[in-house]
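Just so it is clear, A, B, C and D label the chains in written order, and each chain counts residues from 1 on its own.
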Amino acid sequence: MGLLKMGMIGGGAGSFIGDVHRKAASIDGMITLVCGAFSSTEEKSLASAEALGIPKNRAYGSFEEMIKKEALLPEEERMDFVAIVTPNHMHFPPAKMALEHGFHVICDKPMTLTLDEAQELENIVESSQKVFALTHNYTGYPMVKQAKAMISKGDLGIIRKVNVQYLQGWLSTAVEKTGQKQASWRVDPKKSGIGGALGDIGTHAENLVEYITGTQIEELAADLSAFGEGRTLDDDGNILLRFKNGAKGTMTFSQIATGEENNLGVKIYGTKGSLEWYQENPNELIARWLEQPKQIFTPGGNGGYPEASDYVRIPAGHPEGYLEGFATIYRSFAKELINIKNGQSMAKKFDFPTVKDGTRGMKFIYAAVKSSSDNAKWVKI
Amino acid sequence: MGLLKMGMIGGGAGSFIGDVHRKAASIDGMITLVCGAFSSTEEKSLASAEALGIPKNRAYGSFEEMIKKEALLPEEERMDFVAIVTPNHMHFPPAKMALEHGFHVICDKPMTLTLDEAQELENIVESSQKVFALTHNYTGYPMVKQAKAMISKGDLGIIRKVNVQYLQGWLSTAVEKTGQKQASWRVDPKKSGIGGALGDIGTHAENLVEYITGTQIEELAADLSAFGEGRTLDDDGNILLRFKNGAKGTMTFSQIATGEENNLGVKIYGTKGSLEWYQENPNELIARWLEQPKQIFTPGGNGGYPEASDYVRIPAGHPEGYLEGFATIYRSFAKELINIKNGQSMAKKFDFPTVKDGTRGMKFIYAAVKSSSDNAKWVKI
Amino acid sequence: MGLLKMGMIGGGAGSFIGDVHRKAASIDGMITLVCGAFSSTEEKSLASAEALGIPKNRAYGSFEEMIKKEALLPEEERMDFVAIVTPNHMHFPPAKMALEHGFHVICDKPMTLTLDEAQELENIVESSQKVFALTHNYTGYPMVKQAKAMISKGDLGIIRKVNVQYLQGWLSTAVEKTGQKQASWRVDPKKSGIGGALGDIGTHAENLVEYITGTQIEELAADLSAFGEGRTLDDDGNILLRFKNGAKGTMTFSQIATGEENNLGVKIYGTKGSLEWYQENPNELIARWLEQPKQIFTPGGNGGYPEASDYVRIPAGHPEGYLEGFATIYRSFAKELINIKNGQSMAKKFDFPTVKDGTRGMKFIYAAVKSSSDNAKWVKI
Amino acid sequence: MGLLKMGMIGGGAGSFIGDVHRKAASIDGMITLVCGAFSSTEEKSLASAEALGIPKNRAYGSFEEMIKKEALLPEEERMDFVAIVTPNHMHFPPAKMALEHGFHVICDKPMTLTLDEAQELENIVESSQKVFALTHNYTGYPMVKQAKAMISKGDLGIIRKVNVQYLQGWLSTAVEKTGQKQASWRVDPKKSGIGGALGDIGTHAENLVEYITGTQIEELAADLSAFGEGRTLDDDGNILLRFKNGAKGTMTFSQIATGEENNLGVKIYGTKGSLEWYQENPNELIARWLEQPKQIFTPGGNGGYPEASDYVRIPAGHPEGYLEGFATIYRSFAKELINIKNGQSMAKKFDFPTVKDGTRGMKFIYAAVKSSSDNAKWVKI
């Protein structure tokens, strides 16, 4: 398992997004994490490496060290690419260096701290002939790909109206003053750049609508706000949009939308039909039509285009997330085995179904068949 | 990555559930697939192994061969456990043999072909002192664990009524006559046992309600049907339930419920409150109360018990499935790199965001900030 | 307004269902309430009549008096029909008497206290040549009629499975011991007959599935319970169903399903498609298909059959209930006028929009048009 | 029934909104339609009057005639108020005249054709000492009143963000060129004023957010569009909002949002909580909180404030619309009786439940009780 070797920059203990990248990289069995500069100090980086099962000699104290040393390793051993999961201000330096040392790069968004950096990076990528991917993950959902396919095939006619929202509430209170790590860098212009919520989630909304519609925002009129006391970066914004193809629309995003979790959603209206999708319920793509009833498309379900179903890992009705529920059983089982490996006595400490559940299931089957064969007579299990 | 070594029995090319097990096993980075008897012939097994990046010498032609040969390998090399993902009639033989050779086992459900086998297996597990896990995966969802926790803490009072459903439509037509592999063994009593839909999905429903409620079905009255022409096993069933604690209820399941994808759902009513959950929308647990408004619990969201939030891999609002969307970006990126490794020229053949998307995002941020600082004046991107 | 003259039996002060009947009768402007025997005593009946604007001489102390006296009035004055809205045990006597005196009857359900009464009433109706209607109101929803039409036209193929539920929680606690009027007669076999929740809501479920499917329940196996301490009538039930056409299914109903309000819902599966409908969200009829995406039908919306759209009072998207919201404005306005009529000074005591809201709306229009004509410049309202 | 006497201006045959006003006025039994100037010609007005059961001498050829003649009738006979349901340009003249002749007025929105008219009308209302109500009907929903009450009590803290939408698709194509009456005046500035969709539905959105939040829009930046070929009035608009209390937000409305029916919705975010409500599902008010799970409020349900529950006509779970379903039974019954009155033979031509349904229900009860008393044995109905 794992045909490609990944080195990670950032993502040490306590990092949310580093963990997400690692899990996402491992699902399809094509990528193995082989090294990392997980934290800004060698000590912390080592601790993270150990927890992740990475050998000591592949845990580096800085991204510079990692890139240099890995470049000297034989090809079959050295990392193939780096995954950059640091705060925004630390995207450009390692990306540049990695590309210049011959490594492919996959990087969190927004891509850089400044627009100048972004444009420089674009040039570097082009001259390096290396692959650069940005994790605008919301374009990875099958139903987003279905939406894009439906529009590019003309199913909706000409797009005339777009409403996109990305609503979170986690900055409704002054969490950045409570020591919460992510909050503190998100509200700091030195680490986040000139956009706060705008850079963090507004760019997702921008990317999503341009990805799905196949057209681009031509001009915008934005009203950004910093509602949180003492904040200099926006934590909320409302934007009027005009698209190159003549469509118009709105974008609204917020991190002070109290109680909202991660409510990214989009509505797109064409002359023949329209689409609606929400990330919190990602398995439903709602389509409305001029003369037909509203339809609901699902991953792998009826009416799906290959452009979408190619990205479905499981059958229709098994929601995105089915794999994770399944993985939970494996994880609890694995934890039990690791405890045993570590010399602990076998005591079912973790929550997974056992042989007793299996027997119980068989008894249920037998009782049900017996009852049914006797015209639904009551049978004790 | 991968502290535990997994051997797989079944799950060769074209197997749905084998792939699910592999992906589920890999998400948390604790398990590595090291060997397999993927198919009933050595040739097919080898082909599967190659596709999965397993060395030839760890691809076996039969589970017997695998268990015997792996048992002879040094501990640091040999598999720690086997994952059994074959049709039902091939669960018991490899489970028994693996346990007797000192391997832990994780096995698909229903556990065995017959109740006799189940009871024998229970004895073998006990005497082997090995861990046996059954993949009743629906108990792996955080909101199912939240439901269980709420009931065990008494939040709902005494449970009085339970309605559970598991509705699929994939056997609405005679797909077993079209050569569809899974359909053909599911309707075959020699491979499935005495229960059809009952064994395949009824057992999930049974396991789910007993898991959540903490009580057990005491007796049942079942009305099973085989609507599909020529079928001998049930493809639909309706059951009256009576529970040990005095609760009563219904179970309905079907594989001829036309248009249903995987509609597993449960409603549980207590004296103080009630719960409702559907697998197709697994991030919502609906709670109703005697005197308070209806509430919606979400993974990692407000009001979640540790028993549930311990099983959440990502923050609230990032649905189950977020990891898979994310993984799609990684997979497309990986495919591009593999093509390059294989000597193909760099041509962006797969769908992932690139440096251009990154620059576009930066331009969007700059335009929005400029517009906002000029009182929402229109700014071109 | 009001071409038909209605007399009401029951429905005095504090009666929920009497008020529902009166409002329902008045919506379409075809029926006027002209007389009533609203309560068991003349005094109470008079008080109700006064509140309803019925002249004293048309308020009767008993249904017998009303039927006799009304029958003597000239045709252009006397009631055309009676509406019977008493508890179950008082359905049969007035229905019989009214029919025998030449009046049409509309009656609440269940129709009678006993099956014998029902069969006798059937004979009386036949010989009387009068119209008898039973208010199985749930068959009055446009989406229920759409469902019936789709099935009768064969859109779903042959019906094979039916799941119906009617879940309420209002008897979860012992409300009948708190003096709540409706609860006390509902749990009293002398007033309700042999069925408790069964008669009250189970019959609605029975009527609904037979109405929609066009076939009938042939046999059933029922497990009724009285969970509430001291209750002799069922407050919960689970039933296996077999239909005349070969379909099978379940019915579950409850008045101890804590937190449920009025959750009547039905799922019907055919060989070609299936339908799902819930009374608490009555404007959506969900259709699933063998090969097409799921569809949502709405009253007056795309794809509706005339059999349904003939029963829609308002355009698509104006939900059932739009009229009531509208009526609320009228009611508050009416209350204000009545106060003024009664000599009170004009003081806006009730909640309705006024001329100031109208001016505000005009200012909004003017500001928006001005802003837009100036390229979305900010304009103060 | 009907303590107040209503005269109607407009609302003749083929008018959607006239019919809505009549039905809304009649539900609560407080208002009777006694006269009308239903159309612009006496002939058409007479025809409408006849269909509505209004005597000939109370059907007028013009509103001027009606107001003058009604003013001369004795008080117990003459109308108490006029309901104005004409196109926008015909709101002001009859409203002015009615008020000046001593009649109260209830009027459709937007209130007038121009802002000047609105301000003049405001003065007239004040000097007339008559009641003027505007049918901003969406403020009549119980859950809208619940939202208003929650905010005014401070449950949500300080309001910071408001997103409101009103999306329809009925002008997606050039229906105004097909002879559709409403479409043709809606797109005509002479009849609609300077706002198209803005005046028709934008004003509803404006009224709704100001009603609920208790604050007002202070300034706005609007981008209006006329997508339909040849249209001079807007059929779509996007607006940035700033409120007097410091909140910011967006409004988006459209009549070219293909497939949308009547999707009015609002999201309001405060420092302590937030609310979300949609007119197409009016029985649910979603509340999100800083630290508690999401809640769903329902009309008459748990947690409702008296400010809302005072406006509920039926118990919790009986959705808005329950009355209309109920009324459908009454209407079919009434049609049958009218046919009979008109001398037709009794033939059940309309769809309502009969005595046979009643007997069937009794048989169902008897069968279920018998089965249950015999331990759920099968019993034939």
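The working rule: a residue touches a chain if its C-beta (ideal position, glycine included) is under 8 Å from a C-beta of that chain, and two chains touch if they have at least 3 such contacts.
A quick map from chain label to UniProt name: A, B, C, D = Gfo/Idh/MocA family oxidoreductase.
Here the structure is a predicted model, which is why all the values come from computation and not from measurement.
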Quiz item: Farthest from chain D in C-alpha centre terms, which chain would that be?
Solution: B
Self-check item: Winner on C-beta contact pairs when A-D is weighed against B-D
Solution: A-D
Exercise. Measure off the straight-line distance from the CA centroid of chain C to the CA centroid of chain D, and report it in whole Å.
Key: 21
Self-check item: Chain centre separation in whole Å, for chain D relative to chain A (CA means)
Solution: 43
Quiz item: When the centre of a chain is set as the mean of its C-alpha atoms, what distance in Å lies between chain B and chain D?
Solution: 48
Quiz item: chain C: which residues touch two or more other chains?
Solution: 221, 223, 240, 242, 259-260, 287, 289-290, 294, 298, 301-302, 376, 378
Quiz item: If each protein chain is taken as a node and each touching pair as an edge, is the resulting graph a line, ring, star, complete or other?
Solution: complete
Exercise. Spell out the residues on chain D that touch chain A in their complex, using ranges where they run on.
Key: 156-157, 160-161, 163, 165, 167, 169, 172-173, 221, 223, 225, 227, 236, 238, 240-242, 248-250, 252, 254, 256-260, 267, 269-274, 287-290, 294, 375-376, 378
Self-check item: Partner chain A, residues of chain C touching it in the complex
Solution: 221, 240, 287, 289-298, 301-303, 376
